[in-house]
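In what follows, subunit A forms one complex with subunit B and a second complex with subunit C.
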Partner chain A sequence: MFAGRARPGEAVIKVVLRVAAAVAMVTTIGIVFALIVPAIGFFREVPIFDFLLGDRWAPRFADASFGVVPLVTATLWTTAIALLVSVPLGLGAALLLSEYATPGLRKTLKPILEILAGVPTVVYGFFALQFVQSTVFREWLRLDTGAFSVLAAGLVMGIMIIPTVASISEDAMSAVPMSLRQGSAALGANRMQTSLRVVFPAALSGIMAAIVLGISRAVGETMIVAIAAGSQARIVGGPLEQGQTMTGFIASAALGDSRVGSLEYNTLYAVGLLLFAITLTVNFISIRLVRRFRQAY
Partner chain B sequence: MSSSADAAPMHLRATGQHQVAPEVMRPIMEVENVDVYYGDFRAVSEVNLDFGLNEITALIGPSGCGKSTILRSLNRMNDLIEGARVEGEIRFHGENIYGKDVDPIEVRRRIGMVFQKPNPFPKSIYDNIAYGPRVTGMKVQSMDDLVEDSLTRAALWDEVKDKLKQSALGLSGGQQQRLCIARAISVRPDVILMDEPCASLDPIATMRIEDLMQELREHYTIVIVTHNMQQAARVADRTAFFTAQPSEGNGDRTGLLVEYGTTAQIFEDPQDKRTEDYISGRFG
Partner chain C sequence: MISLQDSLAGAPTMPLKTGETPRERRPAPMIFLVVLWLSLLIAILSLLTLIVNIVLEGGSRFGLPLFTEYPASSPDRAGARPAILGSIWVIGVTAVLTIPVGVAAAVHLEEFADKKHWFNRVIELNVQNLAAVPSIIYGLLALAFLALIGVRDKNIVIGGALALSLLILPVIIIATREAIRAVPSEIRDGSLALGATRWQTTWRQVLPASVPGIATGSIIALSRALGEAAPLLLLGALVFVSFDPNGLLSGFTTLPIQIFNWTGRPQEGFHELAAAASIILLGLLLLMNGLAIYIRNRYQKRW
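Right after this comes the complex of A and B.
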């Protein structure tokens, strides 16, 4: 009775989607494997607690030491600074675009964000090194800092991440129904109150996703820190100090000529695995937070 | 269709015991020579209409005749629409709400609004009610008491008193709409505007809202837009009938007020042929 025409198009689409999903899964599993196998080799030689808690990172010295804490401190500094820049400015831009902007302002602001998103990271890296660190910090401000600093790298990385935070959170805010804004206005709320007390909480899960993506990008960003943050693995005590981040170490070591299977080679993967674990944890925590604070509409 | 050309069908007669609209109205709002434009398009023109204190006034008419437009101009919600413009005067307690020094936010606090589709915030029931007083900086002795009072007035307290901290979105459609009425009441307005408040509700929920309107009428002035003539006949003291007609010059259809009177008069003794046709179901 309800027999209809077969729809061959749908079958094709289904297959294509399944293949796409399978490719994503296989890639993820492949990455985890590629990280874990050499990392296991590493942890056979270096006890895991020496790695996680040791405060001296000197993998290539004669008296080699594999305490990863110095790399982690540099990563924490650059990430924290980048978030201090990108979260407020990114959310501000999103709020401006979704709640305040006239069509004219949108037309100017959107392309600026797109340009920011399109700049190659190597350009950001040299901008951080030459302009921010050398010209602004040392020449103009006469700050007591060397050729590199986690501050210069972190600030520029923050600028790089603004478009990511802005565009995802703007999507979330724009998805909040107009009827909620009208309801708020009808109660005598002004635009700012409506934005902050109705739109913002209603868009919170999307905003959290934007921030988490920002964190992941900051933790994983390589080129800017490799160029501008520094290359000595020492515990970073302040923003004007130089420091080698986890990604900075991987980039510099990967350029070297360590033999496959050697301890030096495996070190790369141990750090990579830690990086992966950190990103995963951030994601996991944020999913929990989003569930707790979710305001569905 | 009615067999008699003079009278509305029986079920449309205004017979409700509450409709004792006094001959002499004490106006709380006066609409004088109001035109509303969206850009170059004149949506309604030359509207003159008074709303009586503690009365329920219904705005009826075919869709697109500008009922919502007029309603939104009564509390300056049109300000939120790009390109919308109001000409003429709308006075509230004698003061032009489009005057130079008038704060639209204060206007909206004094003249609340309930929308066609319930639009509770994705917050707890309590926070939905407390929102208005908080953002307007109202001085309240006890927020708990205010929340209880608002919910009680909206006939919702008994149903929600044990779950004030739960999300308002868990309520049924009818409860959500009563919550929106409670929310509107929370900032102590004088007037409540309702734009087809029952359009998305089932008959029982609709009846509860209609009963509630009769209670609210003691303390508030209500203006309700409805496409449902029986509803207007049941709840309103006065009824204004609008229609849309092609304006001279271009072919745009402009809304205008055809006839305004007590509900009994509009339904039983319409003076205008267009009103008569509409209420007897012979429209269009």
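Right after this comes the complex of A and C.
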């Protein structure tokens, strides 16, 4: 730490660097204020319990109603379907890469997963609507479904999230010390038993963090649901029904030009605040879980 | 810290290969391995299906007119020229805004910050959190910011670039920090021992050594911004743009927004156009990711 004596100009540089780092903090504060100020305006006109518990979402009707429950049910459906796809497949891929694959094979397979993660969500949305919903569900399987469904959006969203779940849980599995595996093998276990009973439990908090981050991505994903899930805000009763999610509402309401400060404008921010609160909670859980698995060994 | 793993260096990491010993050849372990392979194959097959589907749908419309024509009410005459130029403008401005700030923030956190100080701990937590905030929230932020400073025409290049910059800033900070951390401390100690100041050490030793890592991270972050549509939707980038963007305050649309627009039209011809534009977007992203991987493999120093 006994560096050469700092020159006067370097004090300025240090301040500049600190200011750059502070941009991250300013952004967070900006987000919180940008969401809360219009949301307060919204809750002056709409009681908070009517918002959180009401089951009719019709902000643009003459007899407007602001119950967010229909949007939440659609988000729950797409998120649950996405997790049903991405958690088993992502964990399977992670176990294969960390416990079975040779370094050479890993080097080929990981870039493929990275490409899967890099496909723009609007392209996934096009795929969900044009191929999964319209070609597979309606033409090939002749399912009883309309132009949109939460199932098509959720399935494709699940594929999109596989790389997230796979790469974070693979990190956690690779961090399990080799001695545990060798001990397990020495006691006569085969690789499957070692994977399931030694590596998996040891990496559990990292795996949970991966799943939690997957939830956060599914809840916040916009373009896939805006394109393929539907645009009518009704309580979703089954996977083949269409439904508008929270993000889907924000995206579609953004298309109309709403005046700053109007109830319509404030509604966007009330839903945005709810979305931010959900993902923030989920992210904190994820960060805590990752810290725990880092401390484990 | 020396772990058992290190002390066994040289020994085979895992002496058993599946199928080589009787206990690996029983039905259950074999089925388990098949299931693991299936889960990866389903992911890869989905990617292939998506690419084949896009190419089949859009292949016939992929040609010069797509790059040179303006959007039109008839799918036969429409092209994505303003969207392509808009994407270039927005991503260019985003890069200029974000990379210096992101690198400076990372340098502060890695080389200068007192990690125990509350200010730096709050920033650390912030960066981690911001990386997982839904992209559409950044659109709401940019919309509120433009309203606050009284900009009436919100669909402008600088507004879109601002939203995307804040979106990818955490990605660039995290990647740069990793690149800086990978520079061994001996390099710093050597430089400091010769009488250099902290800043001279950072500027002349640490940063040049971490340029490949920073470049890789920045390209990947920019490719994410290139494919992003949600925050720009909120700024009204979906409006019909039939002119070339020509400055920071110019109206714009981008490729992902154009794809979204065409996907939502009822006519089949527009869906083909959406697929054709998706080919451009996927091609650009593959190119950028390929470049990032190339830089990583070619220039990254092994210490």
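Assume the second predicted complex is superposed on the first by the 258 of 297 C-alpha atoms of A that agree within 3 Å, B and C clash if a C-alpha of one lies under 4 Å from a C-alpha of the other, contacts with A are read in each partner's own complex, and residues count from 1 in each chain.
Following the convention adopted for this analysis, a contact is a pair of C-beta atoms (placed from the backbone, for glycine too) under 8 Å apart; a residue touches a chain by one contact, two chains touch by 3 or more.
Fair warning: this is a prediction, and the values are worked out from it, not measured in the lab.
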First (subunit B), second (subunit C), both or neither touched by A:Pro201: first
Which of subunit B and subunit C A:Val23 touches, first, second, both or neither: second
Touching partner for A:Gly188 - first (subunit B), second (subunit C), both, neither: both
First, second, both or neither for A:Gln232, with subunit B first and subunit C second: neither
Subunit B or subunit C, by number of subunit A residues touched: C
Subunit B versus subunit C as contact partner of A:Phe127, first or second or both or neither: second
First (subunit B), second (subunit C), both or neither touched by A:Thr281: neither
Touching partner for A:Leu268 - first (subunit B), second (subunit C), both, neither: second
Contacts of A:Ser179 with subunit B and subunit C, given as first, second, both or neither: both
Overlapping contact positions on subunit A, where the subunit C interface meets the subunit B interface: 177, 179, 181-182, 185, 188-190, 193, 297
For the subunit B and subunit A complex, residues of the former touching the latter: 75, 77, 80, 105-106, 108-109, 112-113, 115, 117, 119-123, 131-132, 135-136, 167, 169, 180, 183-184, 186-187
Partner subunit A, residues of subunit C touching it in the complex: 3-5, 8, 13-16, 18, 23-24, 26, 28-29, 32-33, 35-40, 42-44, 46-47, 49-50, 53-54, 57, 100-102, 104-105, 107-109, 112-113, 120, 122-123, 125-130, 132-141, 143-145, 147, 166, 169-170, 173, 192, 195-201, 220, 223-224, 226-230, 233-234, 236, 238, 256-257, 259-260, 263-264, 271, 274-275, 278, 281-282, 285-286, 289, 293
Subunit A residues within the subunit B interface of the complex: 177, 179-190, 193, 197-198, 201-202, 295-297
Subunit A - residues contacting subunit C, complex: 2-7, 10, 13-14, 16-18, 20-25, 27-28, 30-31, 34-35, 37-38, 88-93, 95-97, 100, 109, 111-116, 118-127, 129-131, 159, 162-163, 166, 177-179, 181-182, 185, 188-193, 195-196, 213, 216-217, 219-223, 226-227, 247, 250-251, 254-255, 257, 260, 268-269, 272, 275-276, 279-280, 283-284, 286-287, 297
